[in-house]
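Common to both upcoming complexes is chain A, partnered first by chain B, then by chain C.
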Partner chain A sequence: MISAAVTGLLALFTPQSILFMIVGVIYGLVIGVLPGLGGIVAMALVLPFTFGFEPAAALALLLGAHAATVWGGSITGILFNVPGAAKTITSVFDGYPMTQRGEGARALGASAMAALLGGVIGAVFLVATIPIVRPLMLALGPSEYFMMALWGLTIIATFSEGSVIKGLIAAGLGILVAFIGMDPVTGTARYTFHSLFLLDGISFPVAMIGLFAVSQMLKLFVKGGTVVEAQVDTEVSTVWDGVRDTFEHWWLVLRSSLLGLWIGVLPGVGASVGGIAAYAQAAQTSKHPERFGHGAVEGVIGPDATLAATEGGGLLPTLAFGIPGGESMAILLAAFINMGITPGPQMLTSNLSLVFTMVWIIVISNILTTVIGLMTSKTLARSATLPARYLVPVVLAVCFMGAFATHGRVGDVVVAAIFGVVGYIMDKYNYSRADFVIGMVLATMIERDLHISLTLYGPTFIFTRPVTLAMFLFIVFTTLLPIVRRRLARARASAAEGSGPDGGAA
Partner chain B sequence: MGRKARMRIIVGLVAVLALAGGLATAQSSSDYYAGKTVTLILPNSPSGQMTQYARMIAPYIAKHLGAKDVRVQNMQGGGGVVGANYLWHVKPDGMTIAFTSVPALVLAQLSGSQGVEFDATKFVYLGRAATEARVLVVGGKSKIQTIQDVENLGRPFIFPTQGTDEDFYTMAVLAYALNFDLKAVTGYQGNADTTLAVIKGEGDGHITAWHSSLAGIQAGDLRPILTIGDAREAGYPDVPTAVEVTQGNGKELVQAIVNMITMHRSFFGPPGMPEAAVSAMRSAVWAALHDPGLLADAQKQGLIIVPMQGAEEQPKVEQIAAAGQQIVPILKKAVAAIQ
Partner chain C sequence: MSRRAQENVLALAIAAILIAVIVISFHYGPRARLVPIPVAAFSLILVLAQLVVQNTGSPDDLHVDVLEMLTRRSAREGVASTAAATRQRPASEHPPGTRARREAIAFTLLAVLLGLVLLLGPIVGIFLFVLGYGGAVGRMRWSSALMLSLGVSGVLYLLFVVLLNTQMYHGILPGPL
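Let's turn to the complex of A and B:
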């Protein structure tokens, strides 16, 4: 095994592989920055260029580009409230408030460092979990996916402070929008008004571009000034603050990375759901869940570590069963076939060094991304202090181009514009856009997996499937935990108040 | 003469022959397309395999047509319906043709999908690029060993599926023809998801392309029990075809479905294309699919090429339409069962 690890690494030390990896990472960062375009597009576009090259170089280009899109997508989310890809949507929840506070560089640093650690931890555990991944995958099914989506839903509470009703309305709206199009269970057209465009549903990345980016630009245009709030004139943080934050929250990083590995393994759980589950995990296990949504650095660290770790996890279904875990793996599969490699369990015996090459590519491309990230964050963060009259037209143009590029349809540009107005109104009247997103992402997953669970296991499936029951109890526990904590803190505070005059501050 | 020199002469000869062949077809295919630009509509996503095929073949069609260019234009949406509708209404001068999965279009039409404006049997078929037989697999640990076991299961056969796609309809017709109860569980997210469900035993079996299931079959996680294609799969001579195991009326319906599946990746044009354009295009597609350059490209990209003449495809579509009247109620019933 160790010799395979070394051979796998050495295969990458050719000028061609190194060059391909650097090109892949830079290209992945650019694709990640463009709103609406993510890792799958990045891989699909370079796939034809990899034909005929040696496996290590071809994989370096493909996987390097894919891994780099994660941080690339976070950059614009953090700086301009423009989610670069569907899966990096959570970067706008806390990253953008940090930028508004003048801590953009810190958020970028934390994001880059978390992505590096997540990627590395994911890759290391990928190797360690190869023997146990088959039983793990066989143990989990639709009813467990359903529980995972439910867990994601509990995060609505985090964004609903002030008014739970408003939070629920926002989430409900998101669910309604997710229902537009072909119903995944029965193939019935819902809310399509006989329009073929609506039959395909509202594209998630396009809606996100509208809801966050376009609406933010509207707001900025109306208000004038800069992204960074007026009272903070300049950047008050450095990239190294973010790096330090990441190491201070090492336990969160480790947990998030393992969660990411797990999400990557499950073919039924998409990356955007993964991002939200990661955020839920970070918020619910935090000692200060009330800071989430207002620029908590943990809200940036957790999801980025998770997303980076899914890269490694995504390889596992292919290695364990020979089935591609997601769309990006399906593209890798095409590359494998071209190299004359049959993907599947036999890769672990006949092509182990190639498996290690892939692990190394993920590790090294994450390091490259982070180095580039740490070098450029300071300059990038300064762009958030640009006056609205320069920033708004540029960002809007990129957003609408991104909306068009997702499917090449003009209709998507209109959708982005409509959601821009919706987002602006929601923001103005304090309806959480984050809750809307959560509703929209989780609705389909809940619908699919609840339907499958009910059909296969009957109405009492929560109690008849042990893993599902354990997850259900875990959700109840983590939901109650903050409430109990708050009660305890309040009780302690009032007790302290009774005992002495200085005790009330807690 | 050394081996290298001999090799060089052979390569040279082949090149000359290929060039001569290319010129011959270019001359024979009339001047209808000379210097023109043809648009090739793809009702599929730019990142999928259909586009990979189209982009690979398009330059060779241009070469054999003598056209200036064959431009690939993705027009996705509505499960292929948007692009097919566009082709249905386009000016039939032969300058716009399409390439996609024919069974998807025919089934969208037969099952009464929303927004279908075209009649797939009235399109002009210009040639098939590729097809691959599909396979019904069950889990490696399943008690089901053969298709007869499915018929004698004594309970419904659980079929995990993404929704109402080609495989869902194929399964519905199979269940009707072989007279077994089918319980389709919809809502799965793609092939990986349903494969895992079958391996786990959460579902009894599902249908995929042969190549998607090969790794699982070789590892013993999956067991093939039925080939849905023209002939038994090479390497798996013990797995019968769907037509072999059915009788009477059921056999006809299954044959119609198999015909549909074998048309898979085809080129087609709008109804009313001029005769000159049809014959020029059919021979150019045929020549392109036999071009040594294309075959080398296909091998490099791991794509199979299984050509069929457009003229041979046309009557098949009519056959499908004739059987369609009988298939429609089966499809409607299958859809009603999951609603």
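Let's turn to the complex of A and C:
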């Protein structure tokens, strides 16, 4: 295995591979920044350029671009409340509030370092856990995936500041919006009103551009001033504060990375769900869950580490079974076919050096992304202090262009505008947009896996499947944990007050 | 219109949408409506609960937190710490009358941009919008507005049309791009 790791690394030390990786990382960062375009688009667009090159160089371009989009997507989410891609949606939850109080550079530094550590930990554990993960992966069925989606929903209370009822209503509306279009289970056209455009459903990236980016620009126009709410002209923190935060929360980084690896391994779950699940576990295990949604640095660190680690995890089913872990891995599979590589169990034996080449690409491209990120974060954070008169027309223009480019349909621009107004109204009346998006992301997974579970295991599947039951109990535990912790803290505080000078005397 | 009245109008609008979803869902097969109807019905119950609590609670506090009621936690715990960290309110907060006018202008601007994109296509529409916004709304010098609009539309053209090879929509009206 060690010789395969060395051979895999040496394959990358050619001028062509190095150049391709640098180009891929820079290109991935640019694509990640553009709203609506993520890793899938990045890989799909460079795929034709990889034909005819050495596998190591071609994979350096593809995987380098894909890995860099993770941090690229977080930049605009943190600075402008505009997530670059669906999977980086969680960057707006705490990253943007940090920017608003003048800590944009800290958030970007934490995000970049978490992505680096997540990518490296994910890749290292991928190699170490190959023999264990395979049987575990095959043991999971649709009922367990259903439980994972339910776990994602438990995060709703975290965002429902002021009203859990409104948060649940927003999540319900999000779920229903996701049902617009062709039902993949029954083939029924639902809520389409005979519109061909709606038959494809509401595009998630387009809805997200409207809900967060367009509505944020409307809000900025109405409010005036700059994105940074507090009257601070300069940053009150540095990039290195964010780097230090990441190392201080090393246990969160490790947990989130392993979660990312696991989610990446599971076919069809997707990085969007991974980001939300990571945020859920970060909030539920934090000593200060009440800070989440208000600029908690853990809310930036956890999801970014997870998203970076999913890259490594997604490789396993793609390489070992030819089952793509997600859409981007499906593109990688297409690249394999063009290179004459046949995925399958033999990849982990006779082609192990190529597997290691890919692992090294993920590690090195994450390092490159972080170096670029740390070098540019300070400058990037200053852009949040631009006045609304510059920011509003430019960001609106990019959003509309991004919405159009998502599928090349002008109808998506209309959808983005409508969701912009909806997002503005939701924000004004405290109906959480984050809950709406979570509902939208998880709806398809919930419905699909519920249908399959009911068909395969019957209506009592939660109690008849041991793993499902264990996951269900885990959900109950992680949901109740913050509440119990808070009650215990309050009880301790009351006891301390009672045993104080006055209380003690009494 | 008072804040409570606005909240009521919004809640009633959401309730109407949810009722429509339930009614429409009955036209689909049992499997196709298995999830949508319970989700819509549960959401409808929540909207009705929200209507009750926001009309029976204090007019100063329309945010009723069920989690707070269940756990006796203060929902303001987190907010307070953040408020302390943020310290200042935005300097440019507007009074309600001005705010309503600015909201109307914001929605109009969005409609104008959408109209321009539909009529002339994204590149030309964006060029004209940024130029008009910069000069008329942003009160920039027209030469600066022209530079900004040329820069924005030029970069977008380069990125999306040249580099990403996006098939551009040319609008209802005939245009150069």
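In this text, the second predicted complex is superposed on the first by the 499 of 506 C-alpha atoms of A that agree within 3 Å, B and C clash if a C-alpha of one lies under 4 Å from a C-alpha of the other, contacts with A are read in each partner's own complex, and residues count from 1 in each chain.
Note that in this section a residue touches a chain if its C-beta (ideal position, glycine included) is under 8 Å from a C-beta of that chain, and two chains touch if they have at least 3 such contacts.
Predicted model, so just to flag it, every value in this text is computed and none were measured.
With chain A as the common reference, the superposed partners chain B and chain C fit together side by side.
By the touch criterion stated above, A:Gly52 is placed in contact with chain B alone, chain C being left untouched. When the two complexes are overlaid on their common chain A, residue A:Ile362 makes contact with neither chain B nor chain C.
In the overlay built on the shared chain, the residue A:Thr186 is in contact with chain B and with chain C.
With both structures placed on the common chain, the touch criterion links A:Arg389 to chain C but leaves chain B unconnected. In the superposition on chain A, A:Val164 contacts chain C only, with no contact to chain B.
Within the superposed three-chain arrangement, the count of touched residues of chain A is higher for C, of the candidates chain B and chain C. When the shared chain is aligned, chain B comes close enough to touch A:Leu196, but chain C does not. Once chain A of one complex is fitted onto chain A of the other, the partner contacts of A:Val421 are limited to chain C, with no touch recorded for chain B.
Applying the stated contact rule after C-alpha superposition, one finds that A:Gly408 touches each of chain B and chain C. In the overlay built on the shared chain, the residue A:Leu456 is in contact with chain B alone; chain C does not reach it.
With chain A used as the common frame, chain B approaches chain C to a shortest CA-CA distance of 5 Å.
In the superposition on chain A, the residues of chain A contacted by chain B and by chain C overlap at 41, 45, 185-186, 188, 408, 447, 451.
Against chain C, in their complex, chain A makes its touches with residues 30, 34, 37, 41, 45, 97, 100-101, 157, 160-166, 168-169, 172-173, 175-176, 179, 183, 185-186, 188, 190-191, 214, 218, 221-225, 229-231, 288, 290-295, 389-390, 392-394, 396-398, 400-401, 404-405, 408, 410, 413-414, 417, 420-421, 424-425, 429-430, 443, 446-447, 450-451, 483, 486-487, 490. Every residue of chain B that touches chain A in the complex is listed here, in rising order: 45-47, 49, 52, 55, 74, 76-79, 81-82, 85, 114-115, 158, 160, 162-164, 183, 185-193, 195-197, 199-200, 202, 212, 214-216, 218-219, 221, 300-302, 335, 338-339.
On the side of chain A, the complex with chain B involves touching residues 40-41, 44-45, 48, 51-52, 137-138, 141-142, 182, 184-189, 192, 194, 196-197, 199-200, 267-268, 270, 317, 321-327, 329, 331, 334, 337-338, 342-346, 407-409, 447-449, 451-452, 455-456. The residues of chain C lying in touch with chain A in their complex are 6-7, 10, 14, 17-18, 21, 24-25, 28-29, 31-32, 34-36, 39-40, 42-43, 46-47, 49-50, 53, 63-67, 70-73, 75, 77-79, 81-82, 85-94, 99, 102-103, 105-107, 109-111, 113-114, 117-118, 122, 125-126, 129-130, 133-134, 137-140, 148, 152-153, 156, 159-160, 164-167, 169.
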